[in-house]
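The next part holds the structures, each set out as structure tokens.
What follows is a pair of complexes built around chain A, which joins chain B in one and chain C in the other.
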Partner chain A sequence: MTGYIFPNELEVNWGLFIVLYPYLTGLVAGAFIVSSLYHVFGVEKLKPVSRLALLAALAVLLVAPMALTSHLGQPLRALNMLWTPNPTSAMAGFGYIYSFYLIIVLLEIWFMYRKDLVQWAAEKPGWVGKMYNLLTLGAKDISPSALQTDHKVVGILAIVGIPSAAFLHGYVGFIFGAIKANPWWSTPLMPVIFLLSAIVSGIALLIIVYAASCLLRRREMDFHCLMTMNKYLWVFLIFAFVLEVLEVIHMAYEAEKKWSAVKGLITQVLPFSYFGIQLGGMLAAFFLLLAGRWKKISQSIARNLTLAAGGLVLASVLAMRFNVVIGGQLISKSLKGYAVFHVPLWEEGIIPAAGFLILPFVLLVGLVYLLPPWLDSQPEKKRRRGFERNPHRQEHGSIFKRLFPFGEH
Partner chain B sequence: MKKKIPRREFLIGACKVLATGFLATGGGVGIGMKTVFARDGVMDWRKFWAGKQWVFVVDTYRCIGCGRCVMACKEENAVPLDKEVYRTWVERYVEREEGVTIESPGGGLDFPLQAPEEGKQFFVSKLCNQCQDPPCVQVCPVSATYRTEDGVVLVDNQRCVGCRYCIQACPYGTRFLHPVTHVADKCTWCYHRLVKGMRPACVTICPVGARKFGNREDSDSEVTKILEKERVRGLKPEKGTKPQVFYLGLDEVVM
Partner chain C sequence: MPIREDEKVFTQQAVVRVGLILASVLVVFFFARWLVTPESFGQYGRYRGDSIGEAAAREVSFAGDNTACKACHQEVFLAVSRNEHGKLNCQSCHGPAAKHANDTALEMPKVTGNAELCGPCHMETAGRNKRVATVKLQLHSGGVECTRCHDPHRPYGKLRG
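Moving on to the complex of A and B:
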């Protein structure tokens, strides 16, 4: 604590779970938009990740409300927000918007996989086949005209999904931006800032997830797909960076009473995570992505630069969520001092928060196992450069194949 | 042969049933809000609220920073004494050439007996402003916090989900998460005392009359007379919340 803070402000009320919540929904919105770039805007080069993107969105989407509910003082009353919502509350819409979006994503995945589900139901033996049979929900018509309808429905759902994803995340920004009591949150730019950072984090997530999946499956990464993600990430990164900086520059130029408190926050309380990780990470990623598209470098360097940029963006956006959610609460409403955030280990601390960050990936592995999203026709890599493969391993195929025998089609 | 109900009739019937259901529920809720079954019969809230608008006046010239109000409040309202949560607290301002020092040790319970030697000094007590346009009521996702017709913002601790959005929305830092009940808590101007015709605990205990409380609609009350004659202001008027705690002699430095 420095300066004077109100006695009730000693405790930071919204902790790490509330940092994670906008981070997770942001990843969802961003991943969904990548999928839509292929389905709606016809960016063919993104085809290899179009289904993976949707599964990733679903995996993260399922975890986001867990973080929120665990944060409540009375978690068992969480559904009161659905049964008895207060229409004037910016938070009361969450349940509806979230449910609507979840339905859109589930429907889109179902229509996208319907043909495969019917085929797997017929091919797979035993309970696996029965499970796929159940998942078809009895719709087993895979005549060309039925598939044509599926394709159309996926297109429509993707179109409806874009504004929904934007709304889901812009809305989270509004929850913060509409709080006049908080000088660091209160800005109409907040929903837009949140949305753009969501898009960049989602694209970055897909870059990393796609690379990891190729590594596990021993497949060559589709270089053009990766470079297309590089390009989109770079463009959205520019908008995200400009808006985040614009907000602060505007506040500094107007120099109202609250500016001294905000200035102290970013220069003295959070300088490393604000300038170092949030803004520095974005700047570094900007140059790495640009360098990755330089024609004169080899594909493997370009790939590594893009991957590094993806990791940096993921870290930068997480820092941004932290700086907004926690940072905003560190400024005393007296504008005369700053609270201190003590990071606990257990209760809403590092360990459960890390769990909520890992859980989506566990779910994603399960989803990928259940609904293999791969659309590539490239063969499995026979050998890696630099060393001779152990013949014993070759027999068994990839780690992925061994772990998930149903995963390959 | 079974008799078929025509679709039209069925729909009309269904609408009637639904409408009756809604009206019955609505009526039930309406009655539930206006009356309460107390130990000694039914409380008629309409009657209690009629002709009442509570206001609070803090005379900063009188406060001596003894902290009795803070202690009385904690005891009266079951706010844990050993936790840093307060329904009311007292701040001390010392203005010197090099700047202002603000303190509220233990919420005002632990001011040292010896006053600083120099500088302009004064105490300011803080509590919920029971705003006419309360942001906490606006943001509560489940309507657990609401404003009564006689002007007090209350929390229904059976309904609150503990999301703490109201704590974020309050510009005055007067709300907190109760460490025992895990729901939002705040000053109620001792509403449980008001309904029995008593004044808030902090007002009753203040030895110097720095805290005044009364009904603004009653022209004989002390607060009405002060508001009619003196120059007063509430905290952070720029937030548009219309606070109902009025300060006499409020310095510009107080936020």
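Moving on to the complex of A and C:
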């Protein structure tokens, strides 16, 4: 604690789970936009990730409210908000938008996979086939006209999905931006800032997930697809960065009473996570992405630069959520002091938070096994030589055998 | 992409199935809502109307302000009203006194665990007003009851030896 704070400001009530909630929701919006770039705007180069993007969006979407309701302590109480909504409750609005969006994503995935589901239901033996059979909901018509309808419905859902995704995340920003008592949150720019950082983080997530999936399946990564994501990430990154910086510059230039408190927050309380990770990460990613698109470097370097940029953006956006959610609570309403945030290990602490960050990937692996999203026809890469046993190498036997040469006589 | 009227999207098997499922989700939502929403919800505002009656029907446990206490315990009342604790309600430390005030044969429970009673005001915390004397409880008394030395009715008086 520094300076003067009011007694009830000592405890930071919104902890790491509330940091994760806008982070995870943001990843969804971004991943969905990538899938829509293919389905709505016809960016053909993104085809290899179009289905993976939707599965990733669903996996993260399912975890986002878990962090939120775990924070409540009594998760079932979250339902009261939906049964008997208060028209002035921003959070109830989020509940409805979230549910609507979840339905859109589920439907889009179902229509996209319907043909495959019908085929898998016929091909796979035993309970796996039965499960796919159940998932087809009995709609087994895969005549060309039916598939044409599916395609059309996917298009419509993707079109409806874009504003929904934008609303979903803009709304998270709105929830913070509408808190007028908090100098660090209260700005009408907040929804836009949140939305853009969401898109940025989602594209970055997809870059990493796509790379990981290629690595695990030992397939060559589609370089053009990766570079297209690089390009979109770069463009959105510019907007996200400019908005985040402009907001603070605007506040500084206005130099209202609250500025001294905000200035102290970013220069003394959170300098590392604000300037170092949030802004520094974005700047570094900007240059790495730019370098990755330079024609004179080899594909593998370009790929690694893009991947590094993706990782940096993910870290930067997580830091941004932390700086907003926790930072906003550290400023005293007296504007004369700062509380201290202690991160616990358990409860709303590091370990469960890490769990919520890992859980989407576990779900994604499950979803990918259930609904393989791969559209590539490339053959499996040969194992790298390093992993292969060299046939010319002389066999020495293991250390164990050399130390204990039993049974060799 | 534009939908022509002659391509009937809404009669396709898959669309109909999904539509039925969505409709049933809505039905389940409204049924669950009907099931869990209390009957008197919204009677006066966005809360359970019955809760007002239920709260009013609960037994009164506090005896209001210090008037009732003063009637019998005049000496203590005068002593305490001359110092910093004079503005406190007797029941803040002594507990709810409605039963005792109505029937003095029923004795008040003894006040125990005064570290817990004094702590909320006298424990040192980062944001506390320095006009109130605050201590680090563990260092100050190490768990010994505050009343062993202090008299809460005369906080600035002589310490009890």
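Assume the second predicted complex is superposed on the first by the 381 of 409 C-alpha atoms of A that agree within 3 Å, B and C clash if a C-alpha of one lies under 4 Å from a C-alpha of the other, contacts with A are read in each partner's own complex, and residues count from 1 in each chain.
Rule of thumb we're sticking to: contacts are C-beta pairs under 8 Å (C-beta built on N, C-alpha and C of every residue); 3 or more make two chains touch, one makes a residue touch a chain.
Keep in mind that this is a model prediction, so the values were computed, not measured.
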item: Combined model on chain A where chain B meets chain C, clash or fit; value: clash
item: Which superposed partner A:152 touches (first chain B, second chain C, both, neither); value: second
item: First, second, both or neither for A:139, with chain B first and chain C second; value: second
item: Of chain C and chain B, partner touching more chain A residues; value: B
item: Touched partner set for A:103, first chain B, second chain C, both or neither; value: second
item: Contacts of A:86 with chain B and chain C, given as first, second, both or neither; value: both
item: Chain B versus chain C as contact partner of A:73, first or second or both or neither; value: first
item: Touched partner set for A:7, first chain B, second chain C, both or neither; value: both
item: Contacts of A:111 with chain B and chain C, given as first, second, both or neither; value: second
item: Location of chain C clashes with chain B - one stretch out of 3-11, 75-83, 93-101 or 129-137; value: 129-137
item: Contact residues common to both interfaces of chain A (with chain B and with chain C); value: 5-10, 84, 86
item: Partner chain A, residues of chain B touching it in the complex; value: 84-86, 89, 91, 100-104, 107, 126, 135, 137-143, 159-165, 167-177, 181-184, 239-240, 255
item: Sites on chain C touched by chain A in the complex; value: 1, 3, 7, 9, 12-18, 21-22, 25, 32-33, 36-37, 41-42, 46, 125-128
item: Residues on chain A engaged by chain B in the complex (per definition of touch); value: 3-11, 13-14, 71-75, 77-78, 80-81, 84-86, 88-92, 94, 175, 179-182, 329, 332-336
item: Chain A - residues contacting chain C, complex; value: 1, 5-10, 79, 83-84, 86, 103, 107, 110-111, 114, 137-141, 145-146, 148-150, 152-153, 155-156
